[in-house]
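Take a look at the structures below.
Both complexes shown next keep chain A, but they swap its partner, so chain B is in the first and chain C is in the second.
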Partner chain A sequence: MRQTTSSIALEVKPDSEALLLSLIARLDRPDAATQPAMTKTDLLARMPSLHFFSLTVFPRGVFDPLFVIEANFDGPAGPFWPQLEAALGPQLRPMIACCKRPADGCGPLYDAVTAPGSRRDLAPYLQTRAGKPSVYHHGNRGMSRQRVVNEAALFSAVEAELDAAGQVAQTWRILPPADIHARLREKLLPQFAWLAQPAPARKTLGEKLGDWVRLAVLVLAVLVVLTLPGQIAAGLVETDRLVIAFVLLTAIVWGSLLRIAGPLEGTATHGRTNLLNFAWRQIFKILIALAVFFAVAMLVVTPTTVAISHLSWREAVIPSARALGWGIAAMVVIVLPALVLWLRWLERRDSTQDAPTIDEAVMRLMREREDHTPINHMAAMIPLKPGILRTVLVHVGHRGLHLALRVFIKDGYLASMRTIHFAHWAFVNNGARMMFLSNYDLSWETYFDDFIEKAHEGLTLAFGSGEGFPPTRLLIQDGASHGTLFKAWARHSMTVSRYWLAAYTDITSDQIERNFRIAAGLRQPTLTPESAAQWIVDL
Partner chain B sequence: MTDPAPDPSTEPVLRPGPRGLKALVGRLVLAGLPLVFAVSRAIRPILKLPALPFGQKKPPQFIITRYDDVREVFQTDTAFGVPYKAKLDVIMGGEPVFVGMADTPLYRGDLARLREIVRGDDLAALALQSSAQAEHIVAGASGQLEVVDALVRRVTFDVLGAYIGIPHPPGGNLPVWCTRLFEFVFMPSDAQLIADVDRMAPAMRAHIDSELARRRSGGIEGDDLVARALRKQASGEPGWTDAWIRTALMGLIVGGPPQPPMVLPQALEQLLRRAKPLRDAQTAAKRADDALLLRILFEAMRFDPIAPMIPRTAIADWTLAAGTDRARAIPAGSTVMAAIQSAMVDTRRIPDPGTFDLMRLPHEYFLFGHGLHQCFGEHINRAMFPALMRPLLARSNLRRAPGKAGHLAKQGFFPSALTVLFDTAGQDNKPG
Partner chain C sequence: MSARKSDRGPKRDDGSWQLTEPHAGMAQGMVVSGYDHLPTGEALFLEFAWDRHQRGGAWLAALNAIAPVTPADGKVPRSVSLSLSWTGLARMGLDQRALASFPQAFREGMYQRDRMRRLGDTCDGQWSDCVIPTGPRWSGNTPQLPPEDPASVPPGQVDGTTPITVHAMLLLFTATDAEVAAWSAEVEQALVPQGVHVVHRRPIALHKGDDGIVREHFGFADGMSQPVPFDPDATVPAAAVPNGWNAVALGDVLLGHINGHHDIAAGPVVPIEPDGRTAAAGLPRHPRAGDAADFGLNGTFLAVRELLQDVPGFWTALTREAARLRTEDPHGGDVIDATWLGERVIGRCMAGDALRANGPLPRNDPATPDNEFGFYDDDQLGYGCPIGAHMRRGNPRDGLAQRPDQVRTLREAANRHRILRRGRKFGPPIADRMVDDGVERGLLFLAINTDIERQFEFIMQTWMMNPNFATLFDEADPLVGTATPMSLQAKPLRRKAHLENFVKLAGGDYFFLPSLPALKYLELL
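So, the complex of A and B:
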């Protein structure tokens, strides 16, 4: 089952912010006189595909307030919006009326849904305004809500069965794992008839192939762009002059880079991974990737050479290989280091916020809403650093990160952590700001400490383009490794999650996977002694 | 010179449908509609039909095929009114009835008054009576039963006729009259149908009037709708005139009972085409799980609703789907056909529409229309449908009769026959 993550960011009319906040607050405390009482259970029943939903208002600053509707659900978006409308339509309509009329072609639709007494469905408007996340991560990819709930119920039944048996006699403890499996299955099958059915695939072959193809296309596009300078130069300049230019530029770029690559005074951290040593560690993979790229690109470059010259196919191979070879060499030795040099030059001049302000009232409201359940929600808004390089990097980087997460994260683990249910980044305010919304396990402190400890490079890569971020070095170094400063900056970027609806609040991402493994085992009529021994570890 | 009126006691409920080439074309059009709708949804979701014959000045006609737009048509009753008033005036003798009204104080008043006598706590009894009579019919069928007339129409008219309090007219046939008047109001009419209506409508009005007079003179006994209405009248509550009572009750009996014999056999036909849903329906029937059975019947009806399209008339200029790239101006006077069959399989809003899914949500259905004129009898149907079908579905080895009889036949838009077989030995499985 495919899941969708979507968010709708709507600019709020400044004089309607207070009204909007009060309308959202009423969702948790409905006025019995004017609104029928709608419990969260009722709402979740009307939105059976929903996992997590939130309403947030990012306060005014440089921009007017921003109202964000976040939804994480099963299946495609089209059928979800009518579900949302059926559940919360009357409440959402006045909230949307608190927002500005879109200046684009969506204006008439806004007029239609916000007109006094309007009966026009909200679903088309919500769908039109829904943004596509730049990156999203699903910790339990492919697990539908129904399946999460069903398998949690199965886990409880297994626990109850084992507890009950344990109280009566110690029989379970002396049984071999395969027998325990067989007995449990026999006991639970009448109650959980779905155990007799084959498990639906969490990811289809089409989805997997699609992820790989999209990643390959992105990598190919980036390589084509980065090899173009070398290829063009090879077409215009004789080899001897090209060699001289190559050597000179290499010396200049590397000399400059090595001169400024080190940390500025007082900004170094314990983090040792940077772009250069990371690339060096991956050298074999990079060489193989470049060889594949060379082979694939030759299939394009050679016909192009034939088409734009008078050369025959045979004659075109050598010049094509020469151009491509120079393109790749220049990319590796000059173009990429030059870009890193440019980035480092920018990093050395970045402003950082050493004492991010945290509004005590907002902090109190955030804390009031946190840690009521094992799962929490956070919403952060980050203004982006200006400049063409930063803009390109953050957009291409997010695209790459997104696709890499889809392709390489198979079990929900980011580094060694599996604490995220649904998280996403999205660009808002015409790309001037970046929003981060996460539904995560554990407390906020633990969640961030874990990431700072185990995935600070990833955090720096993902958030480093944010204004005021702690000083970074070569894209992934330092940054989030300034743990205390980073956490203060992150809190400063956050705002109150005004309304949060979760289909399950006590099943952690880890537990969902554990339940999944137990259920997968119990779906099997029999297990071999080896697989039973492995399966029983989860009990 | 007109033909003499047929003998009411032998007059068939359904008029003969078209024959030969016309019938074939009709069948082909109906069979091809899903494809036409699919193409329309993809290419031209608000489809303007050419005026035929070409060049003739006629109000524009539009077919609306996407879910969002169908909902907009139904929800915007200030721009899209019901087109039934003229025909309702014919059968009601000019008395206004809520089915043909716009959202006015008169409409709301009439509906509120009607709800004073049609009550929620009647539903359980209606369900009980339906299942009891259906069980009696199925038990006496010796393993072979024609579903449309012998089961559904008979039970519906008997139970609802008794509930409303309108008996068969002397020398007349209530199902015939109601079905003919229903056809006249909601479907295209021809000369023969108009002639039938000219004969039956005044007779029906006179029949109800005489019933009101008879019941009143007898001291108003019983608890059917006639009795309840007459008591309201007797207590002096305003609005409960004879004309109003007659029109309201006639609206109920003409608009209500003709529909189950259309939709339930169509639902059964859909179930007979699908092994698992049929099995699920039978299991639900054997367990007397009416809630599940209703979901199964509704889902079956989604594949073949009462009509593929429901008409509306544009009573004001309106831009449909405003703010989208398919926005289209609909001039006042246009006929707008809201294709409910298409909307209920629109992948833009309906998840996996081709799947028989029992977990669908209420907003994914348009079985009873939507908006201001959503079927008044919906709750009655919700109570009666599973109760009426349960005795038959609970029979073991339910299957089609051999040959054509085992497949749903239609006369015009009306299902006319569907014969099924079942094991009489399995009657032990009937619900308790």
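So, the complex of A and C:
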């Protein structure tokens, strides 16, 4: 089952911010006189595909307030917005009226849905305004809400069976695992008839192929761009001059890079990973990717050479290979290091915020809402560092991160952590800021400390383009390793999750996978002694 | 006993460490020493009841005359440690800017509504079963702000105010009972004229057994695993033992040094005033605030919890539960008795050795239980030390790793949340663990840490009380947590014990353990 993550970011009329906040607050505390009471259970029943939903208002600062509607649900977006309207339409309509009339072609639609007493469907407006995340991550990919709930119920039933007191309990421990499995299945099948059916695939072959193809296209596109300088130079300059230029540029770039690559005073954190050793660990994959690129690119470059040079196909092969070879060599030895040099030059001049301001009242409000259940919600808004390199890096980086998460994360684990249900980034305010919304397990401290301590390179890569971020070095070093500083910065970036609706609040991402494994075992009519011994560990 | 793998652990360290000068002369001795050679003592909980015309620091001068606070620079025949609550510092007249510069956790105190909830002390706004039914008896009584969102507060929410207000905690460590009795009477006598009253007191003792092992009241060897701080500029040894199981950055123990998150553990500041008080106290200029002195350097924070232990209740319940488990396991339950179950609650055998599937972990040194072990290599699934055991929740070491390549990272990550435990028992040892003698006894839990949220509160919330710790479901720490089932991993099938809470919070709060120069500054107020 495919899931969708979507968010709608609407600029708020500054004078309507207070009204908007009060309208959102009323969702949790409806005024019985003016509004029929609608419990969260009612809402969830009306939106059967919904996993998590939130409403957030990012306060004014450099920009006007921003109202964000976040939804994570099963299936495509099309059917969801009418569901949302059916559940919350009367409440959402006045909230949307607190937002600015869009300056684009959506203005008339906005007028129609926000006119006093309007009964015009809201769903088309929501659909039009829904943005596409730049990155999203689904920790339990392919697990529909119904399946999560069903398998949690199965888990409870399994526990109840095993923990039934008295004579029943005695019999379990004398059975081998395969027999325990068989007996449990026999006992539970009447109550959970779906155990007799094959499990729906969490990811279809089409989805997997699609992810791979998208990633391959991105990698190819990046390689094309990065090899262009070398290819063009090879086409314009004779080999002897090319060699001289190559050596000179290499010396300049690497000399400069080595001079400034080190940490600024007081910012080093002695991590174990840097770009070079990371690349070295992936050397075989890189070589294979370059070889594939060479082969594929030859199929494009050779005809191009034929077309522009009047050479025959046979004659065009060698100059094409020469151009490509120079392109790849220049990319590896000059272009990429030059980009890293440019980045390092910028990093050394970045303004980092030593004491990010945290409004204590907002902080208290956030904390008052956190940790009532094992699953929590957070919303952060991060202004982006300026400049073309940073802009390109963050956009290409997000695309790459998104596809890498889709392709390589198979069991929900990010490094050694499986604490995210649904999280996403999206660019807002015309790309001036990025928003991060997450539905995660355990406390905020745990969530962030986990990433700081176990995946700070990834965290630095993902958030290092944010203004005020702790000092970074060569894209992935230092940065979030400054844990105290990073957490202060992250809290400073956050605002209160004003309204949060969750279809389940006590089934952690880890537990969903545990329930999945138990259910997958019980769907099997029999297990071998080996697989039963492995399966029973989860009980 | 299981065969010991020779390559199981990294290079050994004996856990000893010292501060170098000038830090040793500045920090309080309690930071570097558990005062093993001073087995008796008393904790005096003080309230400042002076009138507002009195100078805030006068009482410290009086105290200094008979019980000067001990620095961390050598072995002493008796020792004093002094820490203050936020209200204590405020009552002494510490500058408002200084008070505001303390971290939020300390300023709010342990009984701030959201902290109580996260620590597991309240549940749905009421005291949980981890707290004595009347609610804690003492705290700093830090004033609480009203909720930002009143609707977030459950109806009937307890407000966390305690009958006794504690402004300072004075710990006296001595070699004999007689010595401490005379000394504490002398101290009390000297403080009364200063308007400082002893409002609560507990004897604090090690009560070492004949075998030299310190046991807590339930009978388990205690204080087995302590972090070993390192800092290239301030400790001996200066660097961590490579891959050591217990290495922590000094900044996780003392303010003003680099902490486990690569930042200077930030402490409070006091303004530099023309009267020269900061210079007279020897407070250095703060590295970041040009007009302020570093009030935190070589100080730290104490999380203090007075925990009452119901020894007969604990063992009676375990006996009952062990009998039930035995009945449910007619073919393999012979080994199960109260001690067997108690050892799985703790995760170590009564003598302190970590449990493994084939018996206790063999010792490298016959005299002491081994403390250099992980869980991933030989007990990942918890067949020896259950996954939810108190020891494993208190410090998961590498046990949360999923793959071999994560072991090092996970061990280092766990070490970023360590606390230095300096707790001591109060109340006499029980004669018969099954018979209630009507005497209060327990543990005065004292945890040294510089980042209360990342260390003490993290351990409580993320490990101890977390119902989903290590893919368990709806369980809590079997020793200090609320009454929950506990999975005991076994073959072919896990057992599930149903446990109650017999360790209850009777008082506590967060305290600032100032450096000696900071105490001098307070004395000059």
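Here, the second predicted complex is superposed on the first by the 533 of 539 C-alpha atoms of A that agree within 3 Å, B and C clash if a C-alpha of one lies under 4 Å from a C-alpha of the other, contacts with A are read in each partner's own complex, and residues count from 1 in each chain.
To be clear about the criterion, contacts are C-beta pairs under 8 Å (C-beta built on N, C-alpha and C of every residue); 3 or more make two chains touch, one makes a residue touch a chain.
Since this is a predicted model, take the numbers as computed values, not measurements.
Residue contacts after overlaying the shared chain place A:111 against chain B, while chain C stays out of touching range.
In the superposition on chain A, A:374 makes contact with chain C only, not with chain B.
Put simply, more of the residues of chain A are touched by C, taking chain B and chain C as the two choices. After overlaying the two complexes on the shared chain, residue contacts for A:79 are found with chain B alone; chain C is out of touch.
Contacts of A:475 after superposition: neither chain B nor chain C is touched. When the two complexes are overlaid on their common chain A, residue A:518 makes contact with neither chain B nor chain C.
In the superposition on chain A, A:46 makes contact with chain B only, while chain C stays out of contact range. In the superposed pair of complexes, A:441 makes contact with chain C only, with no contact to chain B. In the superposition on chain A, no chain A position is in contact with chain B in one complex as well as with chain C in the other.
Touching chain A in their complex are the following residues of chain B: 67-68, 71-72, 75-76, 321-324, 327, 347-351, 359, 361-364, 371. If you check the complex, the residues on chain A that touch chain B are 46, 48-49, 75-76, 78-79, 81-83, 85-86, 105-112, 119-121, 123-125, 128.
Interface residues of chain A facing chain C in the complex, by the touch rule stated above, are 28-29, 155, 159, 162-163, 165, 169-170, 172-177, 180, 269, 354, 360-361, 363-365, 367-372, 374, 413, 415-416, 441-443, 445-446, 449-450, 452-454, 478, 481-486, 506, 508, 510-511, 514, 533, 536-537, 539.
The touching residues of chain C, counted against chain A in their complex, run 104, 113-114, 117-118, 145, 147-149, 151-153, 259-263, 265-266, 288, 327-332, 381, 400-403, 406, 409-410, 412-413, 416-417, 451, 453-454, 457-458, 461-462, 466-468, 471, 473, 485, 489, 492-496.
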